[in-house]
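Dropping the structures in below, format is structure tokens.
You will see chain A twice below: alongside chain B first, and alongside chain C after that.
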Partner chain A sequence: MTQTPAGLPKLGITLFSLTLEMRRSDYTLEGMIRRVAELDLGPGLEVVGFQSLRGWPNVSDEFATGFRGLLDECELVPTAMSMNLDLARRRDRRMTEEEALEYVERQMEAGKKLGFPIGKSAILSTPGFVEGLARIAERLEMRFGVEVHSPESVDSPHVAHLRELFDAVGSPLLGFVPDFSASMHDVPPSLVRAHRESGMSEELIALVSEVWHSDATMPEKFGRFHEEAGKLGASPGDVGKLNMVLTMHGSMDPRRWAELMPQVVHVHGKFYGIDESGNEPSIDHEAIMNVLVESGYDGYISSEWEGHAYTDAMSGYEVCRGHHDLCRRLLLQSAQTAGTSRAH
Partner chain B sequence: MVDLTIDGDRVDPAELTVEANGVTLAFDELQERYDDWWFTTDAVTLHIRRSNGRRAEHRVELDLGLRIPYLIVGGPDGEPLLASSHTDKTLVCN
Partner chain C sequence: MLTEQVIADGSLRARGDAFTFGLRMPWYRALPLSSLEGLDVRIDDDVIATDELRISLGGTTYALADLPPLHEEWWYVADAAEVRAPKAGGLAPGPHVLDVTVALRIPYIVESGHPLVMRERCVKRLAA
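So, the complex of A and B:
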């Protein structure tokens, strides 16, 4: 496994990037992990428990031994276990705070058993839940991160509230997982292409792009988009797909991540495609890598390709290979620039 | 949520049974099985009773709505997000 130089962020992958490859008839988890290693997409490996592990969070001793042995053999390092807080698991009512804590605790224990030092999931933003979470993390000697994913951003009310709750508990084990989806400068070209190929009208695609780029609040954007899409005669299905464009792609200035870095436990390198020149056309990776390097973050970045949500025209393995090359090049460049400026 | 139409006739969900994880359940029984999971790579089989006639081909239209239990719309006491997909295929009986 190729390593980044000491002191810099480390690279890795979440198997979520390979969601399409999991649907192939010859898929096995072991085969996928071996392929990740062959393509040098580590050393970090993140797994979504419910997606990749049958029976999650029940993990037998035999499976855990085999899993840890496989990662060792492949020179891969378990990074974050991605968990779910299924508040609406029951139809008749939502989970109580106590049930939610127990639900997360079982998954943290299973992640620990598989060798993961970090768990991540959504949480209940109540003092009682956060205090309970801190106790679980301390008992298991693990860290826990809440993802900051579009439509949330560094200063959205939900994240500001969580920061207050974390400050009140004061546990260094609780923190955040920035997801690059919150800091984009354009709608992904791969998404525009996929919607165009599905037969969506050019006017509708142009409308959502224009609304996305407009200087307005999220509710204002939704309001304007719905009104004008209605006039264009958009189908409910198309409106639903384009709602996702507004929800899943945030337009925060990527330099704003700097404020959150002291509390960052893991990073999601969300991306949607790599162009011919090796760049991500909708996310300013240079600005983000500069923030990460300048903050001194030396944890993992999981490459997370989410283009599979709307296209099967690309291989998850190949795009992640391109993303690793991009991140490595920019990290080295950023470190060199930082070193030069320090020397002066 | 399942909305199934075969050769233009909508199937009442009460007629459906669902085979998953080695058991077969009536559609209405599913909501009690919140400790069971439909694993991401498994197939689920829907069973209905129909006389096959002599037709070899059947047009099958399926709207499948998945309630995403971790994405709640409208705060922690709200409803789960409904993710819908639609399939329309002509299948050949063997």
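So, the complex of A and C:
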């Protein structure tokens, strides 16, 4: 595995990028991990427990031994275990705080057994839950991160509330996982292309792009989009797909991540495509890599391709290869600039 | 993209006075069986009564009404469920239009106490 120089962020992948690849009839987890290693998409490996691991969070000793051995053999390093808090798994009621803690604890234990030093999941934003979570993290000697994903941003009330709760508990083990989806400057061209090919009208695509770029609050954007899409005669299915554009792509200035960096435990390098010049056309990776380098963050960035939600025209492996090349180039450039400015 | 896989390609089979097909999950991760909130099946514009559908997973067969309490049982994302639907007189050999809508509760995306419910429709022309 190619490493980034010491002191810089490290690269990796989440197998979530390979969501379509895992649905093929010849899929095996082992084969996928070996392919990731062959393509030098590590050294960091993140998995979604409920996606990649049958029976999660039940992990047998035999499976854990095999999994750890395979990663060692492939020179891959387990980074974050992506978990879920299924608050509504019961039809009759939501989970209690105690049940939610147990649910997360079982997954943290399973992640630990597989060698992961970090768990990530959404949480209940109550003092009792956060205190319990800190105890679990301390007992297991793991860190825990809450993802900051669009439509959330460093400014959202939910994130501000979590920061207060984390401060109150004072555990260095609890923190955040920035997801680049919160800090985009355009609607992904790959998504526009896919919607156009699916037969959506140009007017509707132009409308969602214009509303996305407008300077308005999220509820105002939804309101305007619905009203004008209705006038264009958009089908409920198309409106639903385009709602996702407003929800899943945030427009925060990427430099704002700097405020969160002291509490960042892991990073989701969300992206939607790599263009012919090797850049991500909708996310300013240069600005983000500068923030990461300047903060001194030396944890992992998991390349997380989510274009599979609307296109199967690309290979998840290949597009992640392109993302690694982009991140590596920008990290080295940023380190060089930082070094030069320090020398003067 | 996963919506287009809801009906597994080539999975339609005539079975006496019924037919079966493979149902794949239009979501990226395993979900509890309690998450399968709805299933609507039409074949050649003939609507199959939902309470007559049977869903087999991991060697167990369920009616949709059996699923709500099964929040400890899992539908793994790589596994196709087999759906069996009654069809008086059986399914003639040859092509048919199968139209399936699945409603999936996403148990971790909860807004104001209410989980997101995805409704995904897949229509395919398949040979029995």
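Basically, the second predicted complex is superposed on the first by the 344 of 344 C-alpha atoms of A that agree within 3 Å, B and C clash if a C-alpha of one lies under 4 Å from a C-alpha of the other, contacts with A are read in each partner's own complex, and residues count from 1 in each chain.
Everything below uses one rule, namely that a contact is a pair of C-beta atoms (placed from the backbone, for glycine too) under 8 Å apart; a residue touches a chain by one contact, two chains touch by 3 or more.
Just so you know, these numbers come straight off a predicted model, no measurement behind them.
Colleague: Based on the superposition on chain A, does the combination of chain B and chain C result in a clash or a fit?
Modeller: clash
Colleague: Would you sort A:Arg91 into first (chain B), second (chain C), both or neither based on which partner it touches?
Modeller: Touch partners of A:Arg91: chain B and chain C.
Colleague: Of the partners chain B and chain C, which touch A:Arg54 in the superposed model: first, second, both, neither?
Modeller: Touch status of A:Arg54: both partners.
Colleague: More residues of chain A in touch with chain C or with chain B?
Modeller: Chain A has more residues touched by C than by the other partner.
Colleague: One more residue to check, A:Tyr27. First (chain B), second (chain C), both or neither?
Modeller: both
Colleague: Does the superposition put A:Met314 against chain B (first), chain C (second), both, or neither?
Modeller: After superposition on chain A, A:Met314 lies in contact with neither partner.
Colleague: Please work out whether A:Leu124 is in contact with chain B alone, chain C alone, both, or neither, and reply first, second, both or neither.
Modeller: Touch partner of A:Leu124: chain B, not chain C.
Colleague: Touching A:Leu332 in the superposition: chain B (first), chain C (second), both, neither?
Modeller: In the superposed model, A:Leu332 contacts neither chain B nor chain C.
Colleague: I'd like to know which partner A:Val239 touches here: chain B for first, chain C for second, both or neither.
Modeller: After superposition on chain A, A:Val239 lies in contact with neither partner.
Colleague: So which positions on chain A get touched by both chain B and chain C?
Modeller: Touching chain B and chain C on chain A: residues 22-23, 27, 50-51, 54, 56, 84-91, 94, 122.
Colleague: Which of the residues in chain B come into contact with chain A in the complex?
Modeller: Chain B residues touching chain A: 31, 34, 37, 39-41, 67-70, 72, 76-80, 84, 86.
Colleague: Would you mind writing out the residues of chain A in touch with chain C in their complex?
Modeller: Spelled out, the residues of chain A in touch with chain C are 16, 19-20, 22-23, 27, 48, 50-51, 54-56, 84-92, 94, 122, 308-312.
Colleague: List the residues on chain A that touch chain B in their complex, please.
Modeller: Interface residues on chain A, with respect to chain B: 22-23, 27, 50-52, 54, 56, 84-91, 94, 121-122, 124, 237, 240.
Colleague: Spell out the part of chain C that touches chain A in their complex, as residue ranges.
Modeller: 1-2, 5, 24, 28-32, 34-35, 68-69, 71, 74, 76-78, 105-108, 110, 113-115
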